[in-house]
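All remarks here apply to the structure that follows.
Chain nomenclature is as follows: A, B, C, D and E, assigned in order of appearance, with residue numbering initiated at 1 for each chain independently.
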Amino acid sequence: MNLTLPPKPKNSLFKKLRAIVITISIIALYIWTFLGIDLDWEKAINKLIQQFDKVIPMLFSPDWSATGEVALTMLETIFIAFAGSLMAAILAVPLSFLAANNMMGKYLSMPGKWLLSAIRAFPDLILAILFVVAVGPNAFAGVLAIAIGSTGMLGKLFSEIIEQIDKDVVQGMQANGANRTQVLFYAVLPQIIPEFLSYAIYRFEVDIRASSILGIVGAGGIGTMIVFASANDNWSQMGTILVGIIVVVTVIDFTSAFIRKRIV
Amino acid sequence: GTSDEDDTQGTDGDAQGEDAAGETPEKIVMGFVPSQDSETIADTVQPLADRLSEELGIEVVGQVMTDYTALVEAMGANQVQVGFIPAFGYVQANQQYDVEVILKSIRYGSGTYRAQYVVRADSGIESLADLEGKVWAYGDQGSTSGYLFPANQLMAEFDIANPTDLETDFFSGVVQTGGHDNSVQAVYDGDADVATTFEDARTEIEENYPDVMEKLKVIGYTEDIPNDTISVTKELNDELVQQIKTAFLAFNDDEEMIAIMKEVYNWDAISEATDAEYKVVKDTYEIFKESLTN
Amino acid sequence: MIEFKDVSLVYPNGTQGLKNVNVTINDGEFVVIVGLSGAGKSTLIRSINRLVTPTNGSLLVDDEDILKYRSKNLRKLRTKTGMIFQNYNLVKRSNVLKNVLAGRLGHTGTLRSIFNMYSKKDKSLAYESLKRVNIEEKVYNRADELSGGQQQRVSIARVLTQQPKYILADEPVASLDPPTSHQVMTYLKKINKEDNITTIVNLHFIDMAMEYADRIIGMRAGEVVFDGPASEVTEKTFEEIYGRSIREDDLRGGTES
Amino acid sequence: MIEFKDVSLVYPNGTQGLKNVNVTINDGEFVVIVGLSGAGKSTLIRSINRLVTPTNGSLLVDDEDILKYRSKNLRKLRTKTGMIFQNYNLVKRSNVLKNVLAGRLGHTGTLRSIFNMYSKKDKSLAYESLKRVNIEEKVYNRADELSGGQQQRVSIARVLTQQPKYILADEPVASLDPPTSHQVMTYLKKINKEDNITTIVNLHFIDMAMEYADRIIGMRAGEVVFDGPASEVTEKTFEEIYGRSIREDDLRGGTES
Amino acid sequence: MSKSNTKKPLKIKQPPDIYPTKTKAQVTIIFFAIVAMYLYSMNWTQRDMVGDITDAPANMVSVLGKFFPPNYSYWSNIWDEMALTIQMAVIATTIAAIITVPLALLSARNITTFKPLYYATRTFLNLLRTIPDLVLAVIFVGLFGIGLLPGILALIVFSLGILAKLISETIETVDMSPLEAMRASGGGTIQVIWTGLVPQVLPQFTSLVLYVFEINVRASVVLGYVGAGGIGQVLQSQLRYGHIAFPNAMAIIVLIFIVVLVIEYISSKLREALI
């Protein structure tokens, strides 16, 4: 049987070069990483063997006497996170439109994108300082810190959703004689609202968990409990906290699934 | 509100603080940053706030904060009027915002504590001079007993210009551990040769490492470091400050409060304090300030 | 009346979409445009409501040169020309009624439309239109719950609600199976006759074109290569439109590159 | 030889996909199955390579009851039956050659296929197949760079590479325009004749069916309502298959719910 | 004919409303519930506020002012920590990306048709995600002592939760038809996934991995709280020095920002190369 093999592919020089550059960079990155980092496995494992019994069993035998406190703190956290995330969800909407390519054009959307990126660059600690100074150490400072922190992330996610909308529908509305605002309300919003909602709810969950910031501003909340439980090596209390968080997040999951079904 | 004319907070001396004295706020916010240089770390300020409120007849809101930088800034903006701040935080607050110390905590019968140098008993390290070329473990660079005081002492004793030189030239390496117990642990595990901690942080890990007291020894101490402060902002009027002082001091004679203070905060008592007592911290701060800003 | 006078269109990337098109479409006609993929059918149809803008020539709709139109006039033009798309272009997540009411957008103030405050008349018009295409029982279903044919009927209802003078349909049946295609074409034809709306439809299938069209326009490479009543279409017309004799072509697959 | 013996299929949701089907397809035949949407054409064809599993009766392929097959036998069965899909089912991001080589998966070890280590013979077979459908010059293009007709030809090449005994084609031309459809049907017919591969094709279009089929099977609501040579198809056959006279049906759109 | 007549005609004589009354009522109730909860939360969180909010912006601007101008000369002190942070993120992201693959496949409905397995994996991932990063870090530090390892482990577990979820969602949106074709031509499960699925998800996979890499670089700030090393720890101790170190802190933030922007840029380029 005579074999006729396909001709060899002709890759452009650019593509070949690009592939080579990418490969070399990745290899270099890994070499650099493994040379730069030295992990003392032996010590870590010894430590693990020694600590395992002190940490893990305690985590799994939660200190139920702390249940009341955890529940109360969790409730506080929910209020703070709710107010903060909702504020963020509202703030993020106009920002996301400013940062979306297909709304503002490739170049005009740049400042919006940069702004959102810059907001995200601020660590919790600094946001906390800013808001404590603004409104004092209390739950409201926590709300503001969460609101701003979440705006950066939500704005980015929202703008990505906007960039993915179905352009045909927009064109359909334009062909009806709709003006820009009408197109926004009839063609754009219905497409993005469900995703916006899911992300906002997702962020609410994240905010409930990422509440270390609340400790810094004196807002209390579960984050403060975590900090103290860890500082005092109180692992069984940490276990209770974990249970509390898991319960709350699961409940939110279910509620949000319910709400989404109604609204979407 | 209070002292509206006082927008130029902290730009010049004490005089302004005095001027502002006059009105009494209807609500006082008390910020509390638990001392990291302590065995158990309290997570509530409620008992103190409640009692104070009772004594003063003004609403007192107590907030626990986990980072004193935020508290210092909050006092600067007069969002917090009474602060429980560690010594180092107090010095910053005083220099920037004319926050004034009125009281301090008494622990183990003393208004001060010390930092210690811990090494392995079999390491052959006997004095501070032997530390040259060794590996140093400390909690973090903002810790008064874990870093600032020992570093200052070593710099003075061995004539080292700045902390960077200390870390890189005097010592052969440093380990930043995040906490005093971790520092002790690092020496115990052999990850470092010397740890600087509060006195005596070895007991922190004694439960897990019963032989820590024999395996590790202390080769020296730093100067005395004043304990945590209770400080007030300059906007608070003198009369009220006086009342607050009296109220806190009265806790010393109250069985119930003493019990709480002992159990929750690890305090024996509260005593009066003046800014002068914190001069030693201030001097240290000055030294580090220079190294930071270049 | 729509008059193309020597209209040409070159896309920004240099593709010649239309080339010296001269066509007049009279009121009430049912015109079908046929041609291979890429022949310029969509471009021709989209020029009429200015979704694309020809680069040369003049295009008169009701005796006004729409190529000179700017935003306000453009809205008016689009309000009077309804458009039906191959992929229906419905808002999948909105319900049928809301989709159909969108046909009134051009006639409704911005604020009113944002708050869904349509007049009773608009709403009943929308409902009437749904009835005309026999889909009124789906009024509260979400668009994505409907089959292709049903979605296309909703999009016809949307256009009807718009009460346009012209209907442009860009391959309205390309995503549908033959029986459903016939059904949709029948509705279009019915509306054309009952309301005397000038209707211009793009189709791939010349056989279907011949069945429904008053008049057929054949396009090839941006040019109009045939224009006449369906009855005049001959074997030769096929050849003109498809570039060569149809059977031969199919066997060779030469029309694709 | 494929024999359906009283085969029925009920989908988990209760839909009756097939109902007492009795059909025998002889080697080398070119059979076209026609019927309305939902008639069960796909279900019939997919039973043959067990993409769906009939719930009753027995289905013999080369005298073995494939309904009893389990994973290993199943792979063998699928290796000898090639399938062509309406939407071509190509991996859009992979190039043409890779897509075509996927036809060899059933003949290749898992590890070899993961590392793209196809034998020289496989590769030349793939290239041969591409040549047979006249698309060898696109061998390194990505699948999503091709037009619909070209993609369908690639998928035919994939099946050819598989060297199957049977080819099943589920509406291979439904997404294509008429000239391209004829072209694809022609290739299928050609392969059927040249390689003597038994070919079973689903079509919507009865006219096209009559043009290419040796034999036509008409389905309706899961049942076989017509089975005979293309020449025997009459107006009455239409009625049987489409439930009523074809024109009427189209107008009413009664097949949709 | 008969068909459309047997359909029960809508009772509405009036033109219908845009939404059925039931939907309207439900949406209204949900809306008001959310507003009520919001108002309550706002009110509750502000109960301890002293003074009014009018000074807030001025106060904020004045603290923010202390962070500027950033002390860029401080960068020379922190290259090592920045490098360490990136290295930790590289390792954590790589390992997480590898572990994600089976987890994502198991938690994608269209691939794992065996329901119990699908639900088990989902639940496991959901639980994983509920654990706050801070808790993870604390637990690992408790287990392994201070150092890089607990930091890396915390990052791995933390990013695993996000990555597996996002990737399984990507997998669920792929076009299943090529997979069916592969199956029809006799491919085994792994072959089908490899030849049919992988090419479809690869670009998304890459960009999600890079996105998680970015998150991991940022997360090092949190790790700083628990002594898990990296740039976060430096930031932490700088802030301990109060306002005089604020410009240093800002320099650190700017550096992190730049690193993240570079990662974003590279990731967009890489995606272009892949698509």
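Quick note on the criterion: contacts are C-beta pairs under 8 Å (C-beta built on N, C-alpha and C of every residue); 3 or more make two chains touch, one makes a residue touch a chain.
Nothing here was measured: the structure is a model prediction, and the numbers come from that model.
Q: Would you pick out the chains that touch subunit D and also touch subunit E?
A: A, C
Q: Going by average Cα coordinates, which chain is farthest removed from subunit C?
A: It is B.
Q: Based on C-beta pairs in contact, work out which chain pair has the most and send it over.
A: A-E
Q: Subunit A to subunit C: how many Å between their CA centres?
A: 45
Q: Counting only Cα atoms for the centres, state how far subunit A is from subunit E in Å.
A: Once rounded, the distance between the two centres reads 4 Å.
Q: Averaged over CA atoms, how far is the centre of subunit B from the centre of subunit D? Could you give it in whole Å?
A: The separation of the two C-alpha centroids amounts to 80 Å.
Q: Averaging only over C-alpha atoms, locate the centres of subunit B and subunit E and give their separation in whole Å.
A: Here the centre of subunit E sits 37 Å away from the centre of subunit B.
Q: Residues of subunit C touching 2+ other chains?
A: Only 98, 134 qualify.
Q: By the touch rule stated above, which residues of subunit E touch at least two different other chains?
A: Expected reply: 23, 48, 50-51, 55, 59, 62-63, 145, 147, 225-226, 236, 239.
Q: Find every residue in subunit A that makes contact with two or more other chains and list them.
A: 40, 43, 47, 51, 54, 125, 129, 133-136, 138, 219, 227
Q: Could you list each pair of chains that touch, in label order?
A: Every pair of chains meeting the touch criterion: A-B, A-C, A-D, A-E, B-E, C-D, C-E, D-E.
Q: Quick check on the complex: what are the subunit A residues that touch subunit C?
A: Touch list, subunit A to subunit C: 166, 168-169, 171-179, 181-182, 185-187, 190-191, 193-194, 264.
Q: Under the definition above, what is the set of subunit E residues touching subunit B in their complex?
A: 48, 50-52, 55, 59, 62-63, 71, 73, 77, 141, 145-147, 225-229, 233, 236-245, 247-248
Q: Within the complex, which stretch of subunit C touches subunit A?
A: Those in contact with subunit A are residues 49, 51, 75-83, 85, 87, 89-94, 98, 102-103, 105-108, 110, 113-114, 155, 158, 162, 168.
Q: Quick one: which bits of subunit C touch subunit D in the complex? Just the residue numbers, please.
A: 36-37, 134, 147, 149-150, 177-180, 182-183, 186, 204-207, 242, 246-247, 249-253, 255-256
Q: Provide the residue numbers of subunit E that touch subunit A in the complex, in ascending order.
A: Touch residues, subunit E against subunit A: 23, 26-27, 30, 34, 37-38, 40-42, 44-51, 53, 55-57, 59-60, 62-64, 67, 83-84, 86-88, 90-91, 94, 126-127, 130-135, 138-139, 142-145, 147-149, 152, 218, 221-222, 225-226, 232, 235-236, 239, 249, 253-254, 256-257, 260-261, 264, 270, 273.
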